[in-house]
Every structure is written in C-alpha cells, then in structure tokens.
C-alpha cells in the first residue's frame, strides 16, 4: 500500500505538475456545426502539413462558440450569425473580432413527400403560421393531408437566430414556441429525411442536392417566388442568407492569425466552396 | 515439587474475567516456571480457553470482555510495558482448530515470522526445516513444501500450525486443546514434540483429557466451574493431584475421566 | 383427483413462462447478432488504425479508441486505491456499527446518482471553475467516482466474508494491523474486489454523459499533453455524433463499426473479470 | 541450536518505521478525497439549484412552460416526462424480465442456465449509446409505422424512449430477479413439490414469498437506472419542451415528442445557461429534482431490503 499510495497521490497532484509542459502549437476552436465541416477539414490539412494540434468542438453551436471565446477557453469561435449586441453585453470584458469566411443561404427544407405533394413555395406569412402552429396540416397549404412536424433549431444556434431575425424582424420578438428541437445540422437533416411530413431550418449548403429532403422557395411580398440557389443567394434575391464568421477575443496573433489567413486564402476558400458555401472572394 | 533452580517465567495474579457484568473466570492465580509443561485441566466451560486468551491479550479484542488482576512475564506486566506485537511473538498460541492460510506449506510455516524478521531464501528454508522437524511434520512434507497446504490431513495441518508458531521462536507456548479432534498418531506426535520442546521453552497446555495431562505435564492447574464461574480448585504436581486429590470437585472429575 | 382448474392454471403458467422467456432471450439474441453482423461488415484494420476524417464520415477511429483506453486506464488508476482506502476504512478501521452503516448507505445513494449529474458537476467545477477546460483527467476522475460505489462494495463484501479465525490466527502470531491487512485480508478478498473493479470499468468505458461536457470534443484531439485543455476523442461520444448523421450511409457504417469495437472492449473487460468472479463465488461458498 | 539462535538475534522488524500506520493514513486520505468529491457535488446541486426554487417557489415544479429567453422556468413537463417514461419502461420490461428470470431459475437445467445467464449479464454491460443507435435506426421507424393509426408526431416519442429504456434495463432486472429466485434454497421447492403442489403453486407459495424483497430491489434498481439514463433517451425522445397533457392518463402524449430531465440536461442548453444566473440555477434545479428522485428510489430499496431481512428471519 505504501508504494501504491505514493503513486496515486502523484496522479492526484498530476494536474499542477503536468500543465507546465506547453510550448506545442495548440489551437482550440468551438462553435456552429454549420461552419464545422470547413474548419475540421482545414484542421486536418494543417495537422498533416504543419503538425499543429487543432481541437474542434461543436457543442452548443454558435452560442457555445461565443461563450467559449468570451470566457477564454477557446481561441477561435465558429459562428453562423453576426455577433449581436446581446452577445457583446454578455461578455463585456471580451472585445470580439469577427472575420467573414463565407456566405451561406438558409433554407427551409421539407421531407420529400411534402415537396412531391406540391409544397414548393411558401410566403413569409405562411412560414410564420407554420412556426406558430397555426397551420397543423399540409393540406391547408395545398399539400398532402398529413400533420406538420416543425423541427425547430435549438435557440442557441446561429441558424435559428438568422431565421427568427428574417421572420420576425428580430429574434427577440419571435414567439415562444414548443417544437421538437434539433441541435446540429446533421440531426436536423437526419430527422426530416426519415420523416414524411416534416420541415426545419437548415443551412442551404447542407440541403443542396441531397435525397429525401428539398429546400423550398420563398414567395416574396412582390408576388414572385425565388428558389435558393448559389446565384440567388449571391445576388441577394433570395432573402434568407447569412455570413459565416470566425471570432476571436481581441486581435488574433501568431498561429491563430495564420489559421484564419489560411481559411481566407484560396485553398481555404476552396474548402468553403467544397462544402456548398459561397466564397467571400 | 517444582524444580527450585528454574526461574518464574510467567505469573498470573488473581485474574478475573467477566463478559459485561456476568463473570466467566474468578480470581485465578498460578505461576509458570521455565522449561516446564503446565496443564490447565478441567471440564469444558470452566474458562480455560478464555484464561489462555488473556495471556496473549487476544481477549483485548472482544470489547465486551473485561479483565482484572495482573499477569507478569519475566517480571514485567504484560498489560503495561510490552508492545502487544512483541508480546504475542514471545508468547505463541496454538488454536484448537487448525487454520491454514491459502498458499503453500512453506508460505504457511513462515507466515508469522516473515512479518517479524527479514529472512533471505537460505535462512527461510533452514528455519522452516528446523521448526517442521520440531513439530514432527518434516518427514511427511519435506518433498512437497511448495504444494498447497490445504491437501494435508487434519493432524498434519495442526502440526503445521504448531510449526508456524514455533517459527517466531516464542519463549512461552500456549496450546488450546491442540489434539482434541486429532487421530491418535498425530496426537502422539504432538505430545512427543511438546516433551522435546520442554528443554527450551515453557508450555501451558489446556486439555480436558486426564490421560494426556498425566502423560505430558509436570504440573497441573485444575479449574472447574462453580455456579457457572470458572475457579481455581487445586494445583500441584501430577502425582499429588492424581494420587491424592484434596477437593471433591477434583475427585468427581478424576472418577468421571478414568 | 387433482382438480382440473389447478392443472390448467399450472399449464398456463408454464406456457407463459416459456413464451416470455423465449421471446426475451431470442429477441435480445437477434439484436445482438444483428449488432455483430452490421459491425463486422464495416470493420477493417484500416478503419481501426487510421485517424478520423471529414467529421467521421470517412477515415477510421484510431484516436477514439486511444482516447477511450486513456480514460479507462485513468479511471482504473484512480478508482483502485480510492475504493481500497474507502473499503478498508469502512470495514476495518471504523469499529462503530453506526458509522459503518452510514458509510454503506452513502455508497448505495452514490451508486444511484445518474451519470449526467457527474457530467454537469464536472463541467461546472473542473471545466469552468478550475479553468481546466476539457481534459482527459477530468473524464477519468469522474468515471472513477461514478464506479467507486460498485468497487468499494465489492471489496467490503469480500472482506466481510473472511472468517475471523484467519484474523485471530494472524493476531496470535503477533502481526500488526497493517501486516494483517496485506497478508490476510486483501489477498483473500482480492478476487471479489478485482471482479467489482473490472465490472465497474466495463460500465465506465461505455458512459457518454459524464465525459461529453468534460473530456471529449468533436475532432482534432490526438494524444493529450498535460492536463489543462487536453481533450480526447472517445468511442461513445463518436457513436453519439455519428448516430445523428445516420442519413449518411458511410457515417452509419462507421457508427456500427465503432459500436462493435466498443462492445468488444466491454466484453474483453468483463471477460477478464470472469475468472475472478468465479473464484470470488467459490470463496463465498467456503 | 543452529538457525533459531541466529533468528532471534536478527533485527526485530515489528518496531514500526512511522509513529502511525501508513496504510491507515493513505486509506483515510483516499476516503476523504471520495467524501469531499461527493459532498462537493451535493453542495453544488443544493447551492446552485436552490435559487430557482426561491425565485419561482413551487411553480418551478407545477408550471409546465419553459422559455428560457424570457426567464420563465417550469419543469412540470419534464418531471411528467421522466416519470411517465421510467414507469412505462418498468411496466414494459417487467413481464419479460420476470418471465425469463423464472424460466432460467426454475425450469432450465444448469448447463443451459449458465449460458443464458452470462449472455444476459453481457447485455447488461452494453453501453447505452449503442442502445441509442439501435433505437434511432430500428425502433423509431418501427414505432412510426406500427402506431400510424394513433398518428404519432414522428418516430421520436415518449413511447420510443420508454421502449428503449425497457430493453436497456431488462437484462439488469432479469439477472437480479433471477439471483433473488436462486437465493431461495432448493429444499423449499422439493418440500412443496413433495406435498403434491403444482409447479405454479410451488413457485407462488414456496419460492416467491422469500424472493419478493430481492425482486422488488431489482425493480427499484432498474427504475433508478431508467430515471438516470441520458444518452439513449436524448436520441429518441424528440426533445420538445412544454408538452404536458391535460389529463394524466390520456395516451396522446405517448405518441408525441416530449422531454425528460435527463434529455434536457444532456443537451447543449447547458452551454447557453452557463453565465446566466437564473437559467443556470434552473438547469441545476432540474438536476436537484433528479437527485431527489433517485434518492427516494434508493431509500425505498434500502427499506425493502431491511424489511425483507426482518421478515426473512421472523
């Protein structure tokens, strides 16, 4: 017991002993699953080529990223919405620097059967009624007779905030609703794909050319309707779009700056395009 | 007649033991001289075993027992100026029921002593052989020392326990009815070993078999239970007590045993 | 003549028992076989040894396996001495029965605490309050605390089974308390202790909730250096992420593969525990 | 005299090197580490979880709506979800668990029994995230198809969560119940059978009375595990807040998405809550409620054991 005792006491005191060993390049990134694919692949490339250690965590989505940067646990935050005033007040001590790395449309995707039954364009009004559960069956919009299931993005997510800002002017006055929530984009896409009469907010890049789910067009107040495509998003004709940002606390220096520059470089933007987003170039 | 030139090794002075308020043993005093076999004899339930456990302070463990009176060993009281561990090394106790620890015969023999002494391989083997010979078990186990001890017979196991106690080289040996459940051959071996042991150690043997007491012991302390409390009735040499018992309890016991 | 109602009721009872038993065992067996077959389809050496790519869609699970092993070893190193100390204090050093009983009740309550509460407390205390960020050590420590009750109870049951005869003989040989602990008590209760530790470890390896907030991240962690801000990947959390991407066939097959590897690990650990459990069982009979 | 003289003169080891027992010291330190951790955890739950109770008093438990954006916290729907899912899991798993426990302990010969028992114990060890995987891939579409007449909202419903939990706790409840049944000595069965009782009567009158405490303890342990399960429930319950049905016994909520305390705690709301005092306190308040639930279950388990022991000897 004497020998084991000394060893274990050392293990319990390990934390203070071991963290003296730093020095190796370590970048910590946390945030939205919308931005994650681009950053994860970039991290893999940089790890292979330059031997950097880059940790990527997607818990909490955009708000998770902002809080992690605000509290200094993470060097770079990935967010799929602009930094709002509320974010700045919550972390007064941090001054957020954001770098736009791409543009992404935000589509409302429906299950394939809903699309096939004729629901291909919806006006903002109709979307609001769906969101507030005033419309409960697709046949009220001329579609198939089945119950509407609205998978709502978790309020902490950037995608949700951008959707609410568009639908209700500002997310603050969006109504309090109780839909089944989905967190990451993967989960949202997964649930709508497996369902036959569901709708959810999803990044356009994720919805583009995938089976079993379809991105619907928006009927503008002027009457004409616009389908979300790379062109309509770029031209701004498609109203629902947002930029993707990397956020740091104060001016990024050293390896963090190099990382952000890499994303903004041609190779980085190639990755942005590879995953269906629009490059900032 | 006690051999005068030998010194007093252990003396028990008015020891009484009670469990809570109910007495078990009342006011017992006797002395143990060096190189002598003293037998505590009497019917079962006369507190013989309890008394024995007082001598190596195993009784301290049972919280409900309280002991009054004193026991001195080589002039010093065992309750004050002895480290309890050293005391138990000096006064070895062999239990009635043999208790074998898991492991080989060799490991069992050295089980006690290896906590007291640092012994290298050679010393350990030498010591094991020495005490196994003293316990008259060597010839039966010498070629399977590393085999598990559980395969031994009951008699062999008891002799192994005897060897285990001897390994720590105690000055005084206490034996609590060691042969009560053993076969005649093992009983004879142990009694032979005790007689040889007498040259170097002093021994207290607890038994209720009169025959064994007469065969082995120099002196006898006869205990009996009056109104459920163990009392010292008579003590003296084997001849005195057996040939001319003074008290009626001893007489009744001798008749019932013969 | 035994009344027919009794016979009929008896037959019904036997039928129901056989039916429910058969359904349960066969369904569970089918599920298990399905799990193994799906898992084996996507298992390959390359899958086991290469790092993860594209968020788990492609590439292997090497660092996930490594992370899970790091967690398991840390948990073992922490729970082993802690529960040994706790059990020794509870069964040997403490004499008063009342204190022993409260310590035992304490363990039963802790055994019931849901694992997510360990995750949240870990998140608050280690990640945020102490400022360690996500760290493999926190994960190992929390898992160790989670299975501490199981292992401690296993050891103290082993100790209580030792007959006082052995201890009395040890005392009579003049052995000190520490020597008695190490040469009599621990050797004889060790097999039930080890089986408790290994079964606890098998459960800890599969836990996700405690490590989700405190030790694992989505990608990028390899071999942790130091303790602060040194997260790891882990099999359960990886499966948790892949399950949510199961529309993607490659992600789905990776999920099956990872599940199979995790189950293999659990079976391996419980398999090692088997001989000790049998020996502990024998000791209980003796 | 040979070795013995040599032996007694050697340095006597029994004098300790330290004034106190090192093992005792280390055992105490390690016990303190464990006690400190768990008291810290209990204090954490109490101190951080109680402000919400002071602020909302009982409405935190009775109010169903949880809208953290306007700092309105009501845990009723989650408490309802947790209780409904856990008890339904027990109800669904008990007949099968007991059935197979009786089968293996009473009817199966020893050779087969060992294989079945070790297979079931193996299943008890399978991690819950793997059950989640099975649930998402097989159970969800199945529930969606089979219960179409009840028009379930989607595959993720309280029912799916209950079934997943039932399958998860089945092995544990079964193997513990079987231990309880095997605990009854063979003589009881032989005596009853020799009196001409049928297998059913032998079981009901001979075996069951003595095994009841063990079985109840097994059920309570299963319930405790069902209450505390996070990951598998998180994946299949749909995570919809504020779903509290008006009447307690209507079947409708079973076919709708819902939320339990664990699925809320397991989500990413924890990240959003950190830093907002009331929101954080509400989340930890949920943890406190769960802690109380489990404490009650364990206390009931202890009471059953204690009663069982008392009547066993009575």
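Per-chain residue numbering starts at 1, and chain names A, B, C and D are given in the order in which the chains are listed.
Everything below uses one rule, namely that contacts are C-beta pairs under 8 Å (C-beta built on N, C-alpha and C of every residue); 3 or more make two chains touch, one makes a residue touch a chain.
The model shown is predicted, which means the values in this text are computed figures rather than measured ones.
Counting steps between touching chains, the shortest path from chain A to chain C takes 1. The greatest centre-to-centre gap from chain C, using C-alpha centroids, is found for B.
When every pair of chains is scored by its C-beta contact pairs, the maximum goes to C-D.
A separation of 35 Å divides the Cα centre of chain A from that of chain D.
Per-chain Cα centroids separate chain C from chain D by 15 Å. If you average the CA atoms of chain B and of chain D, the two centres end up 55 Å from each other. With centres defined as mean CA coordinates, chain C is found 50 Å away from chain B.
Multi-chain contact residues of chain A, defined as those touching 2 or more other chains: 1, 5, 8, 12, 59, 71, 183, 194. Residue positions of chain D touching 2 or more other chains: 14, 22-23, 26-27, 29-30, 33, 270, 274.
Residues of chain B in contact with at least two other chains: 85-86, 89, 115-116.
Within the complex formed with chain C, the residues of chain D that make contact are 14, 16, 21-24, 26-31, 33-35, 37-38, 40-41, 44-45, 48, 95-100, 102-104, 106-107, 116, 118-123, 125-130, 132-134, 136-137, 167, 170-171, 174, 196, 198-201, 203, 224, 227-231, 235, 262, 265-266, 270, 274, 283-284, 287, 290-291, 294-295, 297-298, 301-302. By the touch criterion given at the top, residues 2, 6-7, 9-10, 13-14, 16-25, 28-29, 31-32, 35, 81-86, 88-90, 93, 105-106, 108-121, 123-125, 128, 145, 148, 174, 176-178, 181-182, 199, 202-203, 205-209, 212-213, 236, 239-240, 243-244, 246, 252, 255-256, 259, 262-263, 266-267, 270, 274 of chain C touch chain D in their complex. Considering their complex, residues 56, 58, 61, 84-89, 92-93, 95, 97, 99, 101-102, 111-112, 115-116, 161, 164-165, 168 of chain B touch chain C. On chain C, the positions that touch chain A within their shared complex are 53-55, 77-78, 80-82, 84, 127-128, 131-135, 137, 178, 181-182, 212-213, 217-222, 225-229, 231, 241, 244-248, 251.
Contacts from chain A toward chain D in the complex involve residues 1-2, 5, 8-9, 12, 59-61, 63-64, 67-68, 70-71, 90, 147, 149, 154-156, 172, 176, 178-183, 191, 194-195, 198.
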